[in-house]
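Down below are the structures I want you to see.
What follows is chain A paired twice: with chain B in the first complex and chain C in the second.
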Partner chain A sequence: MFSSSFRKYLFICKTRIIRSFTYRFDVFGNILMQTIVMVTTAFFWKALFQDETFRNGITADNMMTYTIMSSVLSVLFTTGVERRIQESVEKGSIAIDLMRPVNVFGMFFAEDLGNLIALLFQNLLPILLLGSLLIKVPTIVSVSAIPMFAVSVILSMAINWLTAAIFGMWAFTAISMDALFQVKKHLIRLLSGSIIPIWFFPKWLAGILNALPFVYIYQLPLDIYIGSASNEEIQGRMLIQLIWVLILAALFYLFSKKSLKKVLVQGG
Partner chain B sequence: MKKVHFCLAHHLRVTMYTIKMALLTIIEYPSNILGWLISNPIQFLLGFATIKFAVEQFGEINGWDYGQLAFLYGISVISHALSMIFFVQGWFMGYYVIDGAFDRFLTRPMSVLYQFFFTNINIFGFTDLIPGILVFLYGCVQTDFAFTVSNVLGIIVMLTGAVLIRGGIYILLGSTSFWTKSANDFGQFTQEIFDKTTMYPLSMYPEAMQLILTFLIPIGWVSFYPASELLGMKTLCSSGGMGVWITLAAGIATMLAAGLVFQTGLKKYESAGN
Partner chain C sequence: MITVRDLHKEYLVSEKGKGLGGTLKSLFRNEKKIIGAVNGLDFHVNKGEIVGFIGPNGSGKSTTIKMMTGILTPTSGEVLIDGRNIARYRKETVRKIGVVFGQRTQLNWDLRLEETFELLRRIYQIEKKDYLDILEVMDSILGIGELLDKPVRQMSLGQRVKGDLTAAMLHSPKVLFLDEPTIGLDAGSKYALRKFIKEINTIRGTTVILTTHDLGDIQELCERLIIINNGVMMDDGNLSEIVERIAPYRTLTVEYYDSIVPTHPKAEILSAADNVVRYKFMKRELTAARLISDLSSLHPIRDVGIEEAGIDDIIRIAYAKTVQS
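Entry: the complex of A and B
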């Protein structure tokens, strides 16, 4: 029983991988764009830091690593679930999605996973390579930080996907979501430490952000990677990260039951 | 003379009608307007706030303090907003070519270029204008910018030029679809590049890149050179006190080139069959 339903999701995952390799221009375009963003951000930090050291011992060199790894992580945090829901509702094909003999969110997750596997080769590796060539080789602060980094990235991915899915559930009832998606995108971009680490923010603002889930998407794994916080601090924050995963998972479970009852089906 | 007058009045009337239509279309989805009204200001105000926080820690970046950066950032966002209002369709030209949407323009008794530019007024662009003006005014206060007649004239000339440069580049990129026949969406791509090169001082990039963005692609003239001149900042290439006028000239030249490429490309247009 378990293996047969697992195989369904695996198949969905596989079709996505195959599909991803058919759009070649998108691939090159994305790599080029992400590289430009990465390199220009690196120049921004170089110009800002000059030869100075920030109060937590961070130098321009650390910021180069931060920038490259942030771009790399952003590939892992690519999700299609919100758009997927919106498009299905817009076209009315959500009715067919719901009739399929799989859990609809399980299907969206499998699709995202398939896309992600393709992106590892199409985006993550090229960006890591280009970053190493054009900026510097982004080395981790110490070998002992690797397991912690890996665990926190997985938790980050969970927070990221759950946030996207919960957010996407709105699309079941509201058709036009473009602006809302933009709001979410910018909030995550600017308040998660993906572009500018939150240690630069005023204390009060950093305090508020530390209570929100966003910083546990980018900032925490990146802090672990460049070693900008003590071990005790990291462990404390990883605990909060785990708590956020659990809270979001609970919310996801709750909302997914409710939202499916209110699905708006249009067209015919 | 009478004929020219009639022609102008006719074009003006058509433009007014399309603006009215654009307004009516967006009123159809009120929640959408509200969404953009929140989303776009958040993007740019938060964007500037984060830069300010980072720069404040060090005092300045390449000799620019955050007041001057606000001035530059504001100009960049205002010119972006205006270009969104008038020229955003350049981003979607690929879809027009693929869908055969130019058929509609070609069969009407007006120039295709005129119709394409002026019958697609994007009212949502105004939501970008608000944060742009706010950050710009903040920068003006921080830098004690004097609103003298020549400065105000300078800003108007500069913004006109900047919008023409941006619009010209959108259309040049979009026109490639006539040849490639594919719906490449350059929107996000161009926005990222313009953001990175016009919101921050160009002087933080390597000299080779600065030279390219000064002489080859006139992006440096969108905000960096004219703003430097208005604020009295040093730049790699001196604009000799003519910065805002060079921006205008560069804008007109880019737009003329874009128009030419558009017209040439249009001859390659072969509609979409169905």
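Entry: the complex of A and C
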């Protein structure tokens, strides 16, 4: 029973992958944009650092690895769930989602996973390749950091998806959420360390940010990757990361039941 | 099969003020207003019935259908499908129903038709053998076989509706809900759709609930009508019984040899032009034969025609009644 129920989400995921590949050409624009941002950011850091070293032993070389890997991670943190909910409420196709015997959030997750798998080939690999060619090969600090990096990235993806889903639920009742989604997107970009690492922020601000979930999306895995923090520090922060996953999962569970009861169906 | 009990649905609508001032004001303070879309519906549908759910635009019928299919959660009251509350047990209960919305599709726009069916087969966990059997049945009724390879975005509306009907039947639902299924279809596709509804009803015993504005649909398909307006039930009964009750009259058109207007004590004259006079009479008071023989004894008749009150009259009268009340 469990396995056949699981299989339906697997098939939703597979259908998404097939669908993603029918729109092959959409991805070029995205790769181009990402590459431009990545290359300019990398050369900005290079110009800024010259040959100097930042206080915790960070070099220009580290910063370039940081930038490439940040671009790579941003592909992994692509979520469609907010747009998906908003569009289906706007067009009224949420009715179709709800008339099927599926957990709608399970379905949204499966769809995002399918998109992500397609993006691994369509975006992640090209960006990694272009970054390696145009900037440098982004090598991890040590082989022993790989498992920690992997675990941390998975937790980051969980935080990222859950935040998106919780935000997306608002769209069940309010029709236009565009502005709010934009605000959230830019907040995450700024406050998560995706462009500017948190160590460059003033102490008090960094302190506040460390209490929020956003830095556990980008900053933590990137710190692990370039080795800019001690093992003990990393372990402590991964614990906080895990706690955020649990908090957000609880909130998600709580809201998801309620939000579906408030669904609005437009038209027809 | 389906029981609807004291069903209510209220929407919270925020009132926007008029003009620039009003818009600015509503940025800070929203006037919220509760609007009742469905206000206490009670009815029961038995297995194997074909029920026409009709009402003017904005009468609450689509909202009701959406609550019956588990899409919207009622504000109060309940919908039981096969004894199960669909709002509480949505995931389990929707297996028993199939839904087709005439105005939107559940087929995936970017995929071939068969790929959507394969997805639905996984979602509803249908055995491969059963799935192929159903497809064969659908092919014999709708000729779906030739469409399987076609991408949905290349389909005509008629083909798309066939695809949607098949999609709704794949898991052999006990109840099929059709929300304005014939909207925008040409005569041929309408005919195919009606034939399909009749066949699945007789062959598979599927209960069918449809909303429609198409009088032909009602006349050809519905044994029972539920008329709703302003979210309340206006009428519920057999089609012929409703006709009998709402419009118990007929019209007789008589063409005379001369321009003359003979009268009859039990018939009302609707119009008289040239040699043609139209009489309206009550079925209970007078037979058509009696009226014709009475009139012909007054004056020689060249030709006659009898019209029943049409279904469109019934609908018009039923809706008009609701506006007054």
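To be clear about the criterion, the second predicted complex is superposed on the first by the 268 of 268 C-alpha atoms of A that agree within 3 Å, B and C clash if a C-alpha of one lies under 4 Å from a C-alpha of the other, contacts with A are read in each partner's own complex, and residues count from 1 in each chain.
Everything below uses one rule, namely that contacts are C-beta pairs under 8 Å (C-beta built on N, C-alpha and C of every residue); 3 or more make two chains touch, one makes a residue touch a chain.
In this text, all values refer to a predicted model and were calculated from it rather than measured experimentally.
A.B. asks: Are chain B and chain C a fit on chain A, or do they clash, once the structures share the same frame?
C.D. replies: Overlaying the two structures gives chain B and chain C room side by side.
A.B. asks: Check the residue A:179 against both partner chains and state whether it touches chain B (first), chain C (second), both, or neither.
C.D. replies: A:179: touches chain B, not chain C.
A.B. asks: Applying the document's definition of touch, where does A:265 land relative to chain B and chain C: first, second, both, or neither?
C.D. replies: second
A.B. asks: Check whether A:257 is in contact with chain B, with chain C, with both or with neither, and answer first, second, both or neither.
C.D. replies: In the superposition, A:257 touches no partner, neither chain B nor chain C.
A.B. asks: According to the stated criteria, A:203 is in contact with first (chain B), second (chain C), both, or neither; which is it?
C.D. replies: A:203 contacts neither chain B nor chain C.
A.B. asks: Let me test your reading of the model: by the given contact rule, A:37 touches which partner, first (chain B), second (chain C), both or neither?
C.D. replies: first
A.B. asks: Would you sort A:12 into first (chain B), second (chain C), both or neither based on which partner it touches?
C.D. replies: Once the two structures are laid over each other on A, A:12 reaches chain C alone.
A.B. asks: Applying the document's definition of touch, where does A:46 land relative to chain B and chain C: first, second, both, or neither?
C.D. replies: Once the two structures are laid over each other on A, A:46 reaches chain B alone.
A.B. asks: Upon superposition of the two complexes, what minimum C-alpha distance (Å) separates chain B from chain C?
C.D. replies: 5
A.B. asks: Which residues would you name on chain A as touching chain B in one complex and chain C in the other?
C.D. replies: Touching chain B in the first complex and chain C in the second, no residue of chain A appears in both lists.
A.B. asks: Residues of chain A touching chain B in their complex?
C.D. replies: Touching chain B from chain A are residues 25, 29, 32-33, 36-37, 40-41, 43-44, 46-49, 52, 54, 174, 176, 178-180, 182-183, 186-187, 190-191, 195-196, 200-202, 205.
A.B. asks: Per the contact definition, I'd like the list of chain B residues that touch chain A in the complex.
C.D. replies: Of all residues in chain B, those touching chain A are 29, 31-32, 34-36, 38-40, 42-43, 46-47, 50-51, 53-55, 57-58, 61-62, 182, 184, 188-189, 192-193, 196-197, 200-201, 204-206.
A.B. asks: Across the complex, what residues on chain A touch chain C?
C.D. replies: 4-5, 7-8, 11-12, 15, 18-19, 22-23, 91-96, 98-103, 260-265, 267-268
A.B. asks: Quick one: which bits of chain C touch chain A in the complex? Just the residue numbers, please.
C.D. replies: By the definition above, chain C touches chain A via 11, 62, 66, 69-73, 90-92, 94-95, 97, 99, 101, 103-106, 108, 110-111, 115, 118-120, 122-125, 179-180.
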